[in-house]
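Across the two complexes that follow, chain A remains constant while its partner is chain B and subsequently chain C.
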Partner chain A sequence: MKKTKAVTIDGRVMHIRREKYYWSDFFLALPAVLLLVLITYYPILELIRISFTDWRLTMTSAPEYVGWKNWTWLFTAKTSIRYLLNSLQVTLVYTVCNIAIDLGFGMLFAHLFNHLTRPFAAMRALVFMPRYIAMSSCGIIFLWMLNTDYGVINKMLEYLGMTEHLNWLGDDNLAMVSILMLTGWHGVGYCMMIYLSALLGISRDYYEASSLDGATGLQQFRYITLPLLSPTTLFLFITTFISSMKVYQSVDVMTGGGPRNKTAVMVYYIYDLAFNDNRIDRSAVTALLFFVILLVVTVSTMRITNRNVHYEA
Partner chain B sequence: MTTQSNAKSAFLSPRAKHTAGLTVRWILAVLVTVIMVFPLFWMLSTALKTEQEVMSSKLVFWPAVIQWDNFVYPFRKVPFLRYMLNTACVTAMQMTSELLLGIMAAYAFSKGKFHGKHLLFVVVLGAMMIPIQVTFIPLYIVIARVGWMNTYWGVWIAGCVSSYSIFLLRQAFMTVDDSYIEAARVDGMGKMSIIFRIMVPMCKPTVITVALTAFMSGWNSYFWPKVIIKAQNMYVLTVGVQRLRTSYGNEATANYHQIMAGVLLSVIPVFIVFAIFQKHMLSGYTKAAMK
Partner chain C sequence: MKKLFSIVLAAVMLLSCTALAEFDKSIPDGTTFTFWYSFSGVNEAKLLEQVRAFEAENPGITVDAQYIGSYNNIHSELANANTAGSGSPALSVINVPRLTSYSKDKLVEDLTPYIEAFADEINFDDFYAGMTDMMNNGGYQAALPFGQSGQIFFYNKTLMKEIGVEFPKTIEEFGPWLKTVYDYTGKTVLDVCGNDNAYFYCLFTNADAYMIDVESNTTGLRSDAALNLIKDLRSWVDAGYIKWVDADVSNTLRLDFTSGECAAMLYTSSSYANYKKVAENGENGVTFEVGIGNQPVGISGRNEQYVAGATLIIPSADCNTQAQKNAAFKLICYLTAPAQQLDWVHTTSYYVTRKSASTDPQYADAYAAVLADLPEMDVLDLNVYVAKTKHELFDKCGDIFEQYMSEIMNNKGDVEENWEIMCDEIDDTLADR
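== the complex of A and B ==
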């Protein structure tokens, strides 16, 4: 290929340099892309393959192809349906509550800490701090605080006049509440910081103009702040949605899926099938279903909200 | 200010109203901060208590005598130092590869010219949608086949590169003017030295942010190490610390003064990093949201 390309400008023929492509640039990107493909895309294809085989964890011979057997098991077998529906329900309840807690309190705290002085910056940093600590360590701290006999929360409730100690982690409903407390405490600082930086980006003019027109604080929040924060809310919604759907660590540490599977979330179920039932094939099918749910909800949220999100002009 | 004369300010002057608002804000903010910090305070104070103080029916907020002995327990019960070493090694490996590969790829995607650039970038971004919780089974099978079970490499692989850091670094590199690169090229600099001696120093804040995010995700990862490490002396801290709260027969134990000492030791490195790089970390998180 010639290095130059002939173009006609003002009736004269000029020779300009062709856009050059470098193999060296390609090879700079290649290692990262190859590794990413290996740890994300390849496993998805492999999951599809596994889902059509009869694959046990302990197996030594090559697995046989069994067609749609695992898929029919997933959607029709009594053992599957019960746990699948349960895990779907538990995950959904957790996700909805967690999004509400994180985004709600995040927005609230962002307004509360929206005060640009040094002490407030220090307090913001402290509110954000739990985010850095491993969920596995936080889980143990909460296990201790929620301990039925000696936990600080039950003791404080006792001071407030409650006679009976609550069995936080053993009660069907309280177990989920405990996990939500842990993950809410862990994640709210992040939402606060993101909301706060978005709040600081809103021009003061809007508030001044509207207060001249006699708008109250609540009206300003409803008609100025909320719409202008909607891109941020969308961002937080999607990131919190994904991280809530794949919740595992907090559940594993706090309740281990119990009591009576009341906190057995999707990922817990997938892990359980693979490493406790030794059914790699069934685990693969469930993982694929989980992936499809994640993908569909994320993409459709982006599609739907893209139309309704207000971007600052 | 005079235009804001509504019903409320009839009772309070604007100045008094402002002071009242500020006071309420202060009280609420301090209250929220105390509640948020309390679990961490409780970890610290429990770690320093005696067993009697932990198990007493009264609330003991701070121990009468600080019990340093509690910190011996984690090292006795499990190979705690080994866990720390494992975690440090894996985290260092992940940080190195994530930064090195990320910076190279980010340069290619921002300043480089090659066929399929956009397609490959879409491939990189798409990878963000696929979490390890979906892909762990095939990855586990591959690692088992390669013989990387119970090794640092086995843990490393799941966090060896991050599309998120490539994205952040690319955004930063795009802001660097092409003329710097041209000038360096005229001076005879090779591609690698352009990347590491011009691009990286010019985008230092983002590089630090990415390094810190890599540190955090490496140090705190739990799911994949739990899948891939079955040998107890190869555990990382997040998984190993769980062994502190169970007896050898896998029953939950209640010696929380000692357990908390272990938990405290496991989070100290994070606290140190947090204290040093606090500003970078906060700005890093917001940077991501702003895109």
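== the complex of A and C ==
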């Protein structure tokens, strides 16, 4: 085999060295690939297998093959459709709001604290700090703060003149707001840090040139900052989207899916099927459906938003 | 000769079969087993003290007692160990509602042969029948009672004396009592734990309205009695007499009651020692005496309570030897013995599970000591403590019941409309078995 290959660049034929492939490269990557297969792809295949069995969590005999029974249940049983649609709707509402809060406030804080001085560094640290605290601990603190009669939030609102205490965790609409307050407070610091590093990567030349042309601060933000932050925004959008769709811990600690299933997100429903109803089989089909939804939405989002992303920076 | 030989051979085979069927209750020295529990704080300290005392009495047995977390955590861990086929404890604490599926799937040992084999160490008939019945599914004794609690009313005894009223004994007396206390204090009279049907369900069953009618596999809540009771409760909520607490329940109920924001509450009996201490020491700004009220007698003429709380189970997993399971049962015998139960109750304010603890003269001093510190325990009538419907979907249906009760009580949803939807949803769930 020739050591070079001919390629045409700008109408000129050039000879470049062929890439060499060695078995040693393959074997070096193999452990990582095997690990990935073992902890990611094998469980998915196992989930598919389980979805065709009658596996209950507490059964001591081996699960038996039941064909499409669980899939039929998923799409035809009244209870399944009711809870599935509810949890999909709740998850979607949570995801949209959480993305807006995390990305919106993340970008806002990044702009506010985009100064390399000590006071601003301290403020950045303050905003990022909740990220270091376990979500379950944060949940318990918020539970106290949001207590209807004794919580500090209602006491503060009382000082501001609100006479009626808000039932943060028991009201149909406020329960979701409470969870969003917790997850937003916990997650916004991460988005801020990512945006900050991206802001530092934007060349000052763009701003200086636009200033000479008479651009206002708002125009600079609209026509320079925002487009050049789009790769970062896409990255944060996708990661926040996936993590929001998979929200569980905050819901479990704060509301347990209530009131009246108004915060019963998809993962909570899947957990409930598996560990409260002991129906691993039904939990598996629901999880697979959720996996497909997540995959389709993520890929579509990436395709759609990629068209508006500018990588020039 | 041939005939005689056949008879002898048959007799030998029969004897060997009998020998095989006989329960092997041996526990060799050096037996160690794992015990999972859910108790924390002072309850955990008392449990571990009793476990150490058991080890001192049985030097050949070592207990590896491990705190796992809530009942839900223990359930998940047990299920995981079952699936993995290893790591299961020889003894575990679990709450009552799990037992139906555990015994159906034979995840736990049937304790009947153990009870027979260790008859000299445990008097099964001495347990309150309602408690052991709840843990028995078609002859399969899945567990024995340990940290039992019930659904009772706590009330401000000092306030009741001041007003000159007694805690109501029937559901008919309830409305007038609520009004009298409300007119006097101008505050909420009763906090009800609304996020767990266990507490308010007794009011329904004492009105002959059951969540599941096993015969028809539909809900028994679709009855006039249930609807009327819901209407009464809603009218009391609307009047400001009752607060239906369905979020952050434990904190809210404790703070409302001990700070004098409400005059009474419907919650778990196991909180008695704690509330009594806080209220009598005036830790939340108000000092008062705490009284206990049983469930009011409903239109059925009964005032039943349901078996709830912690039980002791022996997982059936093969990863533990028979000797380990025997040692575990020996610890069950020890922990559920009247003397240990009285000691346990004194710290935890769980119910006494053995009849002899309050009747046998040999425990009179210990029982008197319990009553000296927790006098209201005497008010509790453990004979009205009965088994709830043993249905694997009971909890699932209970969740629906709780949700719609909250919708009606707190979201002011239309009573009849929500009650209809609730009954439909429970029926759908039962049909989806």
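Methods note: the second predicted complex is superposed on the first by the 276 of 313 C-alpha atoms of A that agree within 3 Å, B and C clash if a C-alpha of one lies under 4 Å from a C-alpha of the other, contacts with A are read in each partner's own complex, and residues count from 1 in each chain.
The working rule: contacts are C-beta pairs under 8 Å (C-beta built on N, C-alpha and C of every residue); 3 or more make two chains touch, one makes a residue touch a chain.
Owing to the predicted nature of the structure, the values given are computational and were not obtained by experimental measurement.
Undergrad: Kindly say whether there is room for both chain B and chain C on chain A in the superposition, answering fit or clash.
TA: On the shared chain A, the partners clash.
Undergrad: First (chain B), second (chain C), both or neither: which does A:167 touch?
TA: A:167: touches chain C, not chain B.
Undergrad: Identify the partner contact of A:190: answer first if only chain B is touched, second if only chain C is, both if each is, neither if none is.
TA: A:190 contacts chain B only, not chain C.
Undergrad: I want to verify the contact counts: of chain B and chain C, which reaches more residues of chain A?
TA: B
Undergrad: Of the partners chain B and chain C, which touch A:144 in the superposed model: first, second, both, neither?
TA: both
Undergrad: Is A:127 in contact with chain B, with chain C, with both, or with neither (first, second, both, neither)?
TA: It touches chain B, and chain C stays clear.
Undergrad: Is A:152 touching the first partner chain B, the second partner chain C, both, or neither of them?
TA: first
Undergrad: Of the two partner chains, chain B (first) and chain C (second), which one does A:258 touch, if any: first, second, both, or neither?
TA: Only chain C is touched by A:258; chain B is not.
Undergrad: Common interface residues of chain A with chain B and chain C?
TA: On chain A, the residues that contact chain B in one structure and chain C in the other are 143-144, 147, 150, 275.
Undergrad: If you look only at chain A, which of its residues touch chain C in the complex?
TA: 56-60, 73, 77-80, 82, 143-144, 146-150, 167-172, 175, 255-256, 258-261, 275-278
Undergrad: Mind pulling up the chain A residues that touch chain B in the complex?
TA: Against chain B, chain A makes touches at 19-26, 28-29, 31-33, 35-37, 39-44, 46-47, 50, 109, 112-113, 115, 120, 123-130, 132-138, 140-145, 147, 150, 152, 155-156, 159, 185, 188-190, 193-194, 196-198, 211-212, 214, 216, 232, 235-236, 242, 246, 248-249, 252-253, 267, 270-271, 274-275, 280, 283-284, 287-288, 290-291, 294-295, 298.
Undergrad: Please output the residues of chain B touching chain A within their complex, sorted ascending.
TA: Those in contact with chain A are residues 3-4, 6, 25, 28-30, 32-33, 36-37, 39-40, 42-43, 46, 54-55, 59, 101-102, 104-105, 107-109, 112-117, 120, 123-124, 126-127, 129-141, 157-158, 160-161, 163, 166, 191, 195, 216, 219-220, 222-223, 226-227, 237-239, 241-242, 244-245, 254, 256, 259-260, 263, 266-267, 270-271, 273-274, 278, 281-282, 285-286, 289-290.
Undergrad: Under the definition above, what is the set of chain C residues touching chain A in their complex?
TA: Per the stated touch rule, the residues are 72, 75-76, 79, 82-83, 101-102, 104-107, 195, 246-248, 251-252, 255-256, 261, 316, 395-396, 403-404, 406-407, 410-411, 425, 428-429, 431-432.
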